[in-house]
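Below are two complexes that have subunit A in common, paired first with subunit B and then with subunit C.
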Partner chain A sequence: MKNFDLKKFLADRSVPIMFIIICLVCIPLSGFSTSYLFNEIVTRVARNTFLILSLLIPIMAGMGLNFGMTLGAMAGEIALIFSSDWQIWGIPGVVLAMILSIPISILLGALCGTLLNMSRGREMITSYIISFFINGIYQLVVLYMMGPIIPILHESIKLPRGYGIRNTVSLLNLRQCIDNLISVNILGVKIPVLSFIIIIALCLFIVWFTKTKLGQDMRAVGQNMEVARAAGINVDRTRVLSIIISTVLAGFGMILYLQNMGNIATYSSHSQIGMFCIAALLVGGASVDKASIGNVFLGVILFHLMFIVAPRAGTVITGDSMIGEYFRVFISYGVITLALVMYEAKKHKKKKMKDGGDNEE
Partner chain B sequence: MKNKSFLYKTILVILLAAICIVMIYIGRGHTLYFDNKSMEINGKVVDAPYRTKVFVKGKEVANLNAGDRGMSIWIGPTAHIDLEVTSVKGGDKKNISYKVKLPREYDGVVINLVGLMNEAPYDSYISEFIPLATAVEPVEEEVIVDEMGELGLGEE
Partner chain C sequence: MSNNVLEMKNIKKSYYGTTVLHDINLSLKEGEIVGLVGENGAGKSTLMNILFGDEVIASTGGYEGEILIDGKVENIGSSFDALNLGIGMVHQEFSLIPGFTATENILFNREPSKKSSISSIFGDRLDTLDRKKMKDIADSAIDKVGVKINDSMLVANMPVGHKQFTEIAREISKDNLKVLILDEPTAVLTEKEATTLLMSIKNLASRGIAIIFISHRLNEILDVCNRVVVIRDGFVVKDSDIKSITIDEITKCMIGREVGERKRDDRNFDGKGVIMSIKNLYVDMPGENVKGFNIDIYDGEILGIGGLAGQGKLGIPNGIMGLYDAEGDVEYKGKKLDITKPICTLEEDIAFVSEDRRGVGLLLDESLEWNVSFLTMQVKNKFLKKILGGLISYRDNDEIKKVTDHYIEALNIKCTGTKQKARELSGGNQQKVCLAKAFAMAPKFLFVSEPTRGIDVGAKALVLDALKGYNVKHGTTVVMVSSEIEELRQICDRIAIVSDGKVAGIYKASEPVEKFGALMIGAGV
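The block that comes next holds the complex of A and B.
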């Protein structure tokens, strides 16, 4: 039997442990009731988990953390703008938006995947920059082309100047239609059952997908591209497909997220979604090359628990709620930096050990 | 093999397009305005009942005295409305159910309940709701673009 190495165990889980400690300190300071915290956590898990799950497939294919999921989020938003403009309400509006987002997501995902293949080894920074680039195009489309070129029927969602979409598009008639369709109330905590069924279905899809031929190919590509190529796998195509699937899922996730929120902040909803989803995944103990469904759930709970309690705890400690706001933003960026540094350090250490072993031989 | 794959993809695209069309058909939302107002039917003025309660999906959405207007929302091409009508003060209540086909092109649909109850021609009791034009000049809206994520995530 292998000896349990406590040091390794703690080192591997340093980020979630750090967050558990932060939450344990902040919860009593915040003074929130247990039922309030449970309610908030359940709402946020239902709202965000789908988006975070969309990150798993590119990690499996060795593409790292897909900052390009923002592209899918933009596709979802464009689809919701159409759905809202055509006055398609309720569940049909959500389904329509999901279907409309698919071609946009596929197009953007294929573009992103192709560019990432050209910048092999620097996928994360490239996908991050691509998201800024596409954000510019998104703004061009939504701010200038919607109205004069792309027909928008309702004046209420157009800017007063007659073209472009307003800062906020109301989704009042879609708001929480999925969350409320099947929901139960347990001890004052509202559980959106249908949202959780959708999330579980996606989890099952991911588990099933990893066992398919394409899933196995992605895993092989993620482990070693050269070996995968030698085994006859079309590496480039497999990598592009992983990004396309991730982008499509991110589009769906954004639609579910926005139906929960009840409005679209047209020019800002998507901008940081990738950053926060990646931060949540890393908080759950995932790394650049390894992530599981368990990491997603742990991450979303811990990250959002911190998001809920930190501002209030910051107010109690410093008397200024802004400190708490800054703290949580600082934590989000900090955890990504920490995870990337740890990943590089580990990789460096492994390489050093391997080189040492080769020299000994 | 390639042909088979192309066939599957084509079927999938057709299926998704079909679902889109169905969603656009069944998901069209309307704001319904119920008028409990007297109206002229075949040259004869029919008075509004003393009180009409309107139920949509079993939920009371309006309790209208003569001359009142109420509103609700409806998703789909045909609205199912239940009315509880009291013709005169202290009189008996009568429950009636109606299915009203809603014009697709109208966002807001005004339904005159008196016309509906008295089987007036469809066009006479259904009309488009047109909001009153305001005299205020539209104020230009400054577009806020959050590239650096200062607005946070999902904070209501």
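The block that comes next holds the complex of A and C.
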């Protein structure tokens, strides 16, 4: 019996275990020092965790992995463009950007949520395509409307032709302002305490949220929409709210991410972010219908550890750094595919078991 | 009649042009238990859906007639109206959230909550749940039901009976509950659970709640109800005090004709050839494992396979038809049969009517025509017109319609026409469509699995007659798997009892029922 449990325990966690093995193999190959690795990991955890946490609430509401978080990321970028255009730097700049991002995120989230309600059961692929669609609108706004229609004061962020935003917007003046505000150095590892406080606050918010009426409703809607509707819950509205909350959080997350990076790649920062966040969450052992805060932390650590060590390990083995770069992109798409397939297979198996069980009666 | 809690007057309802309810009058007094019986498709479910304000009713044009609650005419347009009026319903399919505990389900969407500074700004939905109060309310509701349910157990982990009790507890935890509808609450319960449930129903009634109790088990009705109402074809055909009626009378009212013991002549197949020989069959079907099943099936006979649930009788046809992993030697007409792929068996003219009619048997969202013909079209290339020397073939819709019409008439399928969707039919009629699908293939060999499960007495007789008739007319060998030994004895020539995945014994169907009973419980070995 104990043996069986162990097998099940391992099978349920096959993705994280696979990653632990990859990392264990790559770490010695890469030859990085422990303090370097710790520094990198701490920086990346502080940078990415908020974004990944924004994925949890839609999963709770049964809407799967929200590729639509990219929308929030775009909202965060637009807000940062404004705050840097108005030359409001440092922490006030970050706070202003967050406030500015809220209405944009709510608008985009409501749109996305409404569309997802129309394509029930296909939320993931729909949200993925919506992110491409909104990316088009984002480009229209940023590339053509910023300047002639939306006033942009500073030439430094405008394209030389006089309108549209440059490929890169420098955030040098608010770079790591949150990370550095309260930071401690422990054994050569720089720990951005304030960033972690913000992340912990978000975790507490999520825990609190699950205890509210709305959180309870979302869990119910996630498990059985029909029953929830019959009990008088406004299912559509609840689902839209979950996407809005996720989008707003993703907006905040993107702003924190970019303040750490120190610049906005105007046309590409957001394009991969949804993919990487979802891959990290899945690496942490989450599935399409179940994800916890623990999955987020495990995932962000393992995924980024692999990101750090794999290219170097690839370089060491093959002598070509491109191989390593190729390897990490390949792995992240592979993980998503694997996790989705495994989820479907498991669901199918469960269903078959259940049908068989019913026949007993 | 002044203290009627509920009165339904001249209720009429039609769906898609067919009148389902013609003129229903039903009244309920405080604390009264009324048994509502009728064949499947008689209109019980529709009537209850009206009373509970189901979406289906409003979306198909509402109902006619009056519903009076406490003497006041009320219009029930949605289930919220029904809930507000104090009508509660325990559905046949559980409407519980699997990942919630009993407590969470009982108080679902009525959770007591605590205000916080955040919720006063952003609205009530951000109140935090008051877990302690929830537990108290749930516990007291469970107490009223009179059973022990673990209030913090997830519904997904509960035995079926506890799910049912959780639903009842949810309904009675509502303060304004006046009328409780129980739609076949005992159908999924074990005998012991059913007894407990009946006790708690009586208990609830004594607290003044009026109860509508729907069941196919007539002795339960006699046991627990004060009054019985029989519905047939959309009319109330009987409304009688329980003391002045017997089971036979109720049955008679339900189907409108006498049901007698069906006698059949003993047929002897000992001299005839063996059409299928099964040796060492093993089937891996969860809950119905077959472990070394051996039998010779004679050409032209009706073989019954009986046995208790979970002993493997369902695994036999499912394994041979290739729906579950199986191994063993199956010889059909002297040739070895590949039982790993459904198409191989089907091409040998072996048809299967599955016990899972909604899952495996039917294309629920397709028309009856499609349901009857698709398998035949697929396997035997029938119903196809060929042009250009067979290069292109297309469906012969006229032929399909003709065949479907034929079976609608032959099997007395109640529907609006061949274009109706299978989902819209009642359970018994869906079963008949499954039979029609199998018959349309003109099989030489037919497996029928639990053909009468969940369908009422009248439809049962029709299905059994159809099977027997088909066997006699076409000489098709029929293997029927059923848990009801009486129905096997009605139409079969021989009956094999399966115990622990193996044959426990084979007797002629004319042997007394006790002999089969002994085999089932293992005493006959």
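Simple rule for what comes next: the second predicted complex is superposed on the first by the 354 of 361 C-alpha atoms of A that agree within 3 Å, B and C clash if a C-alpha of one lies under 4 Å from a C-alpha of the other, contacts with A are read in each partner's own complex, and residues count from 1 in each chain.
Going forward, contacts are C-beta pairs under 8 Å (C-beta built on N, C-alpha and C of every residue); 3 or more make two chains touch, one makes a residue touch a chain.
Not measured: the values here are computed from a predicted model.
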Quick check on the superposed pair: does A:230 touch subunit B, subunit C, both, or neither? Answer first, second, both or neither. second
So, A:325: does it touch subunit B (first), subunit C (second), both, or neither? first
On the A-aligned overlay, A:96 touches which partner chain: subunit B = first, subunit C = second, or both, or neither? first
In the overlay, answer first, second, both or neither for which of subunit B and subunit C A:86 touches. first
So, does A:272 touch the first partner subunit B, the second partner subunit C, both, or neither? first
So, A:161: does it touch subunit B (first), subunit C (second), both, or neither? first
Scan A:8 for contacts with subunit B and subunit C and give back first, second, both or neither. neither
Comparison of subunit B and subunit C by subunit A residues contacted: B
Residues on subunit B engaged by subunit A in the complex (per definition of touch): 16, 19-20, 22-24, 26-30, 73, 75, 107, 138-149, 151-154, 156
Please name which positions on subunit A make contact with subunit B in the complex. 44, 47-48, 86-93, 95-96, 99-100, 102, 132, 135, 139, 143, 154, 159-161, 164, 166-167, 173, 257, 261, 265, 267-268, 271-273, 275-276, 307, 325, 329
Within their complex, state which residues of subunit A touch subunit C. 208, 211-214, 216-217, 219-220, 223-224, 226-228, 230-233, 352-353, 355-357, 359-361
For a test of understanding, state which residues of subunit C touch subunit A in their complex under the given definition. 79-80, 83, 95-100, 104, 108-109, 111, 113, 119, 124-129, 160, 188, 285-288, 309-310, 314, 355-356, 359
